[in-house]
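Pasting the structures in now, so scroll down.
Shared chain: subunit A. Partners: subunit B in the first complex, subunit C in the second.
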Partner chain A sequence: MDSLGFHRASSFEEAAGLLHSGAAVLAGGTDLVPLLKDGLVKPSLLVFIGDIPGAASISVTRRGGARIGAAAKLTDIANNPGVRRLFPALAEACRSVGTLQIRNVATLGGNLCQRPRCWYYRSGIACFKSGGESCPARDGLDEALAILGGGPCWAVHPSDPAVALLALDAKITIRRADGSVRETSLADFYCLPSDRLDRETRLDAGEIVERITVPARYAGSPQRYAKVTQRAAWDFALVSAAVVWEKRRFRPRIALGGVAPRPWLLDTARLSDPPVSRRGRDPTAWELWAIRTAEQALRGSRALSSNGYKIELAKNLIRRTLLEWRRV
Partner chain B sequence: MKLSLKINGTAREFSVGAETTLLDLLREHCALTGAKRACDRGECGACTVLLDQKPVYACILPALYCEGRSVITIEGIAPPGKLHPVQRAFIESDALQCGYCTPGQILSAVALLQRHRRPSLEQISEAMSGNLCRCGAYPKILRAIRRLGSRQRRRRGA
Partner chain C sequence: MTAATTGRFVTTTVEVEGREEIAVVELPAFEPLPWGPRERLNLAGKAAERLDALAKVTGTARYTSDISLPGMLFAAALRAPIPSGRVTLLDTTAAKRLPGVQAVLTGRDIPLIPWLHGEPLLSSRVRYPGQPVAVVAAESLRQAQLAVERIKVRYRVGKHVVGLQQFPVRRLPGMPAPPFTERVERGDVRRAIKQSPAVVTQTYRVPAVLHQALEPHGSVVFWDGGRVVVYDSTQGVYRVRRELAEYLGIGEHRVRVVAEHVGGGFGSKNNCGSYTVLAALLSKATGRPVKFILDRREVCLDCGHRPETIMRVTLGAARDGVLQAIDFEAWIALGADGWVGGPGQIARQLYRCENVRTVEHYFYTNVGPMSSMRAPYHVEGAFALESAMDLLARRLRIDPLEFRRRNLPDEDQEKKRPYVSLMLGPCLEEVSKRMGWRPDRPGDTDRRRFLTGRELRVVRGRGIAAQIWPSGGGPPAYAFVRINRDGTAEVATGTQDMGTGSRTVLAQIAAEVLGLPLDRVRVTLGDTESCPYANNSWGSMTTASVGPAVRMAAEDALRQLLEAAADLLNVPADKLVARRGRIVARGTRRSVSFEKVTEHLGDIVIVGRGHRGPNPTTVTVASFGVQGAEVEVDLETGVVRVLRIVAAHDCGRAINPELAESQLHGGIIQGLGYALFERRLQDRRLGVPLNCGLHEYKVPTLADIPAIETRLISVAEPAANHVGVKGLGEPPIIPTAPAIANAVFDAIGVQVTELPLTAARVLAAIKKARRRKKGVLGVR
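And now, the complex of A and B:
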């Protein structure tokens, strides 16, 4: 790492222009620095985006939704009064990341672009993610691996905010090296290992995440982010779920974390409509619907040798979260 | 690259590479060894220092990130020869055994008590859960912080 260069970008356009093959974006560094130390990435240049004016801005309004700069810190998002009031699922997801020390420097853009935590990959064992030709985890210690969308790599995506943002139908603004921008939905931002093995996003060379936008449609709508971990702090989700209700059509958008190589959005069309009549909600019918929805949500999931518990965990988490709206 | 920052209230200048972490800078360039190198991967909290009054893991923070900022280490929380109230509370509550994690624990507690004069149990566990103690002194660490919280309240006459 002796020849590692460092550049303070003054704009996203300048940063994108520097992202040749040997450059890495540095925001908070909470994922990048451990990857550097473990020799899993070997850039020749760090492009620091934390000093770009407005890169850490957070603006939230009921009419305009949320606009969050890529370098906004997770602590600042979790504590932002507007985010807490209008997008509590996002605030809760940001608050559930790592520890306070991590959240005080980790950024939203960095969190969305972080690499998988599969312990085979992180230990430097040759695998698809490190340029190898096999997935040792698939035939090894597989309890943390995917139950949906896996193969040929089965590492799950570790982000919490991405799950909330997916349920909130967030958009990502990407700056390109030539100065142009493109916008993509969060759903299209991530790919599966069957599409692309070397990374988890559809960011191309010379592209950088500049901003995350949450539509006003879900501002203040009932929503929740719930995360199941082995320990209460500094842990990645075994399974997490974000449920966001649409204001007009009374139907939830549900996204899952910890279950697939990308944050996983459930196809709402495949889920039954909730039992709502003009007279209100029948708690028993609601409970039956929650159980049915959880079953439908996990249809198509597949267990490896020892990660089958995630299927039951995900069903229970979805059911439990939906039950919070049993009575209104 | 040139780097200017404040360490324990004193403006300092260094020339460091991109691979230098804040922990490297403190321990190797400044002889401030209170922040400990344990996991070196941002997992244990022994390297916790305050950056602009917020606790961060110095072992995974590039030193160049800290340009123009203010860093406080355990050496800088009280005047030379004096103890900070949190340090005294840790001693009075016997909130340490081997002591390796203690500088980090104390800095997390100092930052917590700056944010909340009388923190709730939930606020304490959120603020302190980024600092591991392999000796398992957690109950006494908790007691030290709770005592301080109630003492601060009494002092204010609340």
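And now, the complex of A and C:
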């Protein structure tokens, strides 16, 4: 590290304008600062967005859905009464992050843009992610790696909120260096290593996340975020699942975490319809459907030498979560 | 065991961490009468707040990293990133030119100090990742780190071995053949196994784990002319002094080592660290004090570990559940260096068995040197032995607790002599009672079922495991007690308090003898200049070793004081006792306050001297303990949560029951981490560790800690020493992991034979159980 500048931005426009190469957005710093200290990123300028007026705002209405500023703290999202009432999956996902101390500082925008937790990458070992030419994890300790969408990098995406937001079909509002704004779905926000290796999102240089919008379509619909961790707290997901039901057409949107280099949305078209009839639900049929859906969901998954347990875990988690709606 | 002479100094055998050594011990001129179980004591045996609690929670307690001396420089090290090889180029010119840099030292710039297997310190031959190659001292830590980055260095990478990769291991490529194999046998194991109607064999694996003391390792050293003053985060000020003086080639009288507060050590701070030596050399080179505190990564790389171990256990028993044979073989990956202790020891001692064979193979590998870690080797051995015991209990269809009851030892089977007290049975019964343990009847599996809805998703299980640990303490240990003119007293002893509460316990003992309230006694420890010798804080030895020395010193001081009081009261000194701040003539109403006597003496100095006498030679002193665990296993995720731990441990007289119980809590939490989460991840191909921070190296969080119910089986042990105590620091970590693993076994019906019990491993075991239709899972 030679010299590091610091700028307190007063608007997203200004911040985006400063994002020339070598500059990095600083929000809560819970990921960026460790990356800096470990020498994994070497920016020359930090553009702090935490003081931008309104950047941390959270507004939720049944009609309008949720609008959450990129700099909103995870604690505030998890505790927001509107979010808890209308988008409990998001509140739950935010609450499941790390520790209270982390959530008090970490922002949603930073969470969505956090870097992978691969042991190799974080230890400073040269690999595809750090500009190298191999994936040592693939040939080494691979138990935490992806079972879906992997290659040439196999590190799973670490974010919990992203999984819930993906199931909720959230939109991301992005400010560009020239001051203009573009919007993208969260599904399009993330990419796979086969598309791009230097980062996990499709953010281009000079782009910054300004706001996350959750459509009203799912406000108050049945939904759940379930996360399996080794430790009872302060742990990333081994596997996580968000299930969100559409209100009109009774169909679930299912997203998985901990299984792929991006938050993983299941292709609803490939899943069979749930057995709902006018007379209500038949628990046995529902159970069979849940089992079938779990199988379909993991079709195409592929185990490396020691991460195969994730396939079973993901199936069990999907089935278990779907079974919660066995009876109306 | 027999004394060679009858003088004051006798040559005898003493026990250190379970091993016997020949040593000279000093026989005390007088020894106080033992405090028996019925002794009426005021302070010793009661909870008292830690004397340094307030200082610690308010941040005024100064740890080594808080030390700041005028003109102090900061040190940082260049460490080899490779597991094995040679430094082929080392150029410090650019680093030396950076602003603030005062000294850069490489192997060429320092005297030859033999370090690893005779290789010098800062050697150009690399044996493990993180091995120091060069050090810098600069005006600020940042400048020192920048200078380290500027050192030009090149390596030629050699072959490496990081662990026990194949099984069974005969010889690891690129490393010397097993440097030593230890073999101990009694009886005829082969025959006994052949004749046993019930035999089980299983192989168990445990990973390398780290101490993770909260305070990182480090020293502040000032080499000022002829003197070297060292502030060090250490478990042994006197050991560091001796080793450092030897490394530096100067007299011990020129070295002072201070450790006022130590934020944990767990065995990783037993010796003089390379950082201490290097800080001293940098201080010598610059003439200024040098602070060298390691960061978490350096601690993970270069401050020791509990070694990775594979153990194969075969047990044989008669139909009635009486053990016939124990065959225990272990393969231990020490690291670049280490000491030989033996996971087999617990297999030779814990249960009664005539035919026992333990074979241990030790290997060197390309990771940092191993060091003791809380109950070294016993923790590993207990996991294998106690897991195999449950396997055999199941084979015999005998309740695991009952099975252990049938195999309690009746004496120290290795030394063929009785234990001073054998508390394994009482601990077992206590845990049985507290857990409401009742053997299962045939087909009785409901206990394990924990139904959520219609489905069996979560099962419960319970398990127990036991422990033995040599805990007698022993000589040498010295203490002074000085009585001041105002009626206060000071204890000085060269032990240290690494968080266990020794300072408080020793004050309680002195205050008890002197009849003073605790706030009129101060204990100085952790300073080789002002305190007489005491050993390392290791081997659960401190209270049992230093406690008697302090008591004797206090008795010695009191004896002198009573002589003065005798004058004042006109009563013979042998009729006087000290009680509640007064000197009282027994059987009369005459008394005088403690201060009256000291004031009367004015500046006459009263100093009591005490030391620890030898241990009894006809009995073995050991601490026993049993723990029971209740767990919940999620069958769909493989995640294990511990619901409850019940622990009963024996420690002789608990001088401070609250502190004793906090040792139980600490050991159990550390043991839970060993069972469920902790492991040093190493890449085989690259030979480097992957989780050198507290994020990836998972210690238990508060949310993982279950209800812990502790029970001290606390009976004064006057035959052990005159304070009546046995050691307790290490024992509580020993049974926790096997108790949890046995509870998981009970829950799912199949053993997970490798720690930690990760979701992946537990899921695999559940799958196996379902295939074999074993246990509750098969009943479905």
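General observations
In this section, the second predicted complex is superposed on the first by the 326 of 328 C-alpha atoms of A that agree within 3 Å, B and C clash if a C-alpha of one lies under 4 Å from a C-alpha of the other, contacts with A are read in each partner's own complex, and residues count from 1 in each chain.
One rule holds in what follows: a contact is a pair of C-beta atoms (placed from the backbone, for glycine too) under 8 Å apart; a residue touches a chain by one contact, two chains touch by 3 or more.
All figures in this text were calculated on a predicted structure; none of them were measured in a lab.
Once chain A of one complex is fitted onto chain A of the other, the partner contacts of A:Tyr120 are limited to subunit C, with no touch recorded for subunit B. Using the contact criterion defined above for the overlaid structures, shared-chain residue A:Ser306 touches subunit C, although it does not reach subunit B.
When both complexes are overlaid on chain A, the residue A:Ala233 reaches subunit B and subunit C alike.
When the two complexes are overlaid on their common chain A, residue A:Asn316 makes contact with subunit C while staying clear of subunit B. By the touch criterion defined above, A:Gly50 reaches subunit B but does not reach subunit C. When both complexes are overlaid on chain A, the residue A:Asp139 reaches subunit C alone and has no touch with subunit B. Common to the subunit B and subunit C interfaces on subunit A are residues 99, 232-234. Subunit C makes touch with subunit A in their complex at residues 453, 455, 457, 636-639, 641, 676-677, 681, 683-686, 688-692, 696, 698, 700-704, 758-760, 763-764, 767. Of all the residues in subunit B, the ones that touch subunit A in their complex are 1, 17-19, 21, 40-43, 45, 48, 51, 54-57, 60-62, 64-65, 67, 108, 125-127, 129-130.
By the touch rule above, subunit A contacts subunit C in their complex via residues 99, 119-120, 122-123, 125, 136, 139-141, 143, 228-235, 238, 306-307, 309, 312-313, 316-317, 319-320, 323.
Taken together, the subunit A residues at the contact with subunit B in this complex read 1-2, 4-6, 8, 26, 29-30, 33-34, 36-37, 46, 48, 50-51, 75, 98-102, 104-105, 232-234.
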